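Written below as structure tokens is the structure these notes are about.
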């Protein structure tokens, strides 16, 4: 299994990674407030969208470069790493300059020219699975990046589109062990987009870690009802605190379970 | 949340339930061998199909009543409870006489006359979700049973049909907390049918428990390659042993986590 | 290609068959009024449900045997053939006595015991595709009937379940030429259930015939808004008149096109 | 209903439009040979991919600009209009210079920056539906182009992804009347990608026209087995000849049917 170093953080190893932040960066104050809170609760990476792909051209499309400046400021104040989404090649240089990780959103997983451009940088990448991609297509998309020489790729399961709309997407957690086995790359799970419902983000966080995910990405906002996008799936601060406590407990348990398994195997080897 | 008593076992409470056995009952010897092994590894309930719904009329259709007699014998020898699938009303009396739990398979979730008949018995029921049923339709199907007066219903998530066929079905673990919340009924997860791949049954077992499942149902066979059905998703004995050890560790961890949460809440109440 | 004789009607040959009637039989008057109207517009077969499989146990479940008597009366008065749905083996004898064609609904396509029972009668059968069945599973289900000796089977495409809910189901018209080629059985298309929207039933009727369907089944009601089920997809009388005129024109055109193709082929054979 | 003028051709009016050509432009000779044949059979527009979005980075990726030059040459020789796919903004100027219609492929329907750029040109556009887009998302994507001022947009139904893989995609012909009604834009259907099987492209062509499509786009190659991509769904010349004859007959019939309907309506108005 490959691990990826981003600053002092290692993704894909024993440590489980917690990524949190607002769906969209709405203002300097909003972002700083959230950054401080998620840092206090143990998050490693701050997420926040500056360029937003929206289904309707009439919806809020993000703050653009100004959002990137706020992200940089929040990173410097809190010491958090940062991740943000890129939508077109033109934005790539600026995003690389201001953030630590470039995210390819679900709508752009099949945007091969964009993947190739990212593959020519040395930036860490968070590639989200399209809601219409098979696991095989997802892995082939990652190869567009890897083939150009950039091997710092994390894959993000965020749910697929099915016939049942009680959740926004159907979180496909069986993809986690499959992707890890087939690609060797770290896997992050996004239970916020994967369910679209803040009331089940915590159980699905635990479920994702138990399936073998190397980390979790969730949306957090001081007042989800007033969020400019994705409010229904966004955690408020008290609920994020609960999540981070459960996350830590589960991460610790799983680390112990891995050790027990190693002992079992060596014990059985000694016996035979 | 409702709990269901079956013999000495309580489903839906603190204890996590482990159901295991072959897809189809193939012979007296096969069933007894498996029953002893899964009992030794801590299983509570023995599964085994006597009447098998098969996509093709040319496939093996099960041993019928003879299979039920073997199931009864295995139960008496090992002390395990038993569950088997019913396909039509005519079989119901015999199945009720010889087993502890009646299973409705995914293909019959929409078979309302069958559900009504089962609702008129006092037998514990394991109702599997159709692979194309929404969560809402699943809960409405359970109401066909409840409405007739039988409240001993457990619901089983076993994967839904989606565009990606890398797994046999897409295990919809987000349905677990949703179903529990909406119905109050116990939820069992079947990672064997839910994935169709024995190589990821263990991580998906842990994942299901972490999502809140009250139990797990898996397929076990001494020689999966020779199983008359579902061999690809069936665990052999060594792998089932691994599963049962991980299952127990996770169940214990989650029980402890529940207690910690209770303490957190009461501590916060005292402070405020 | 097999043809099926039902009374004086031949299904699967040059004539395109028009099946029409209410979703559910609601009263003697309702059924007679509809039967007279659809007969006047050229329909060959009257449909009407006496036993209704409903997602919720709290919805109207049909008139039962009384509905069958009304259907028989309507048939005798108008000379129409009749089709109605069977839900469980117990009802089969009565349904065979009172109607010309037994329908297996989408929810029961996987109900193999029911299919076997029908296979032991000599009644014409209309087997609907489950909304979750692949074409291959659909054909295998038909083999459960054929294997028992009943070869008078018509297959009905009625839409499958997909992620887009702008229509109730996604009508899979490519299945029409595939099923005809693979099975040789006549294919009927149900654009009412296949779309769930009366505003596009006419274009989808034409589209289905052009794809090669041997007939069409549609829902008709004097006052769709007051229908006890499926009102949104049901045609009123004026719109059914339009449909029947377009249906006849398209059927005539396609019959002529078949002749032209035969001429083309023989002309080309003569030249070579 | 809006109509779109492209050269001397009007799309969206009484004439049904036939678009044909290879999936990928493979060589000057291949393209010219196909162009001459499809022109002889009555096609209006030549399709051919110069930039190919391929699932794997290891597959043939198209001839690039050289392909565009061949397309221009074929257009000049035969008088056909041309359409080709754009994958990234950088290619747009060149494509606009060398072809008549810019195609946005299914993988790029959610690529909003690309749609915006195209919206700032005055080029005719063929926007393909993503294989996982709802009709509503498809229409909203078209608004990204319309909003920038370019109203020459045709929408292309090319199948959606479902659980059944007997066809490459599930052609959703009910979307045709819905899209026309909701948007007023012309609709083209692609039965080649929509089915992935050359053996049913002809019935699905007729079916699409009967559903109300304004035109058809199909893949043609002198030797489909040797095509560099999409061979299974590609028509050879004799079969394309059959298609064009059936296409013309159906187009003529539907034009006549429209007139009959107009007479019916005016006759009924006179009577009342």
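Chains: A, B, C and D, in written order; residue numbering restarts at 1 for each.
In this section, a residue touches a chain if its C-beta (ideal position, glycine included) is under 8 Å from a C-beta of that chain, and two chains touch if they have at least 3 such contacts.
Here the structure is a predicted model, which is why all the values come from computation and not from measurement.
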Chain at maximum distance from chain C, centres defined as averaged CA atoms: A
Pair with more cross-chain C-beta pairs in contact, given A-C and A-D: A-D
Gap in Å, rounded to a whole number, between the CA centres of chain D and chain A: 37
Chain centre separation (chain A, chain B; CA means) in Å: 33
Whole-Å separation of chain centres (CA-atom averages), chain A against chain C: 49
Sites on chain D at which at least two other chains make contact: 132, 161-163, 165
Residues on chain B engaged by chain C in the complex (per definition of touch): 53-58, 87-90, 107-108, 110-114, 116, 130-132, 137, 140, 143-144, 147, 161
Interface residues, chain D side, partner chain B - complex: 132, 161-163, 165
For the chain B and chain A complex, residues of the former touching the latter: 132, 134-136, 160, 162-167, 170-178, 181, 194-195, 199-200, 203-204, 206-212, 242, 245-246, 249-250, 253, 257, 260-261, 264
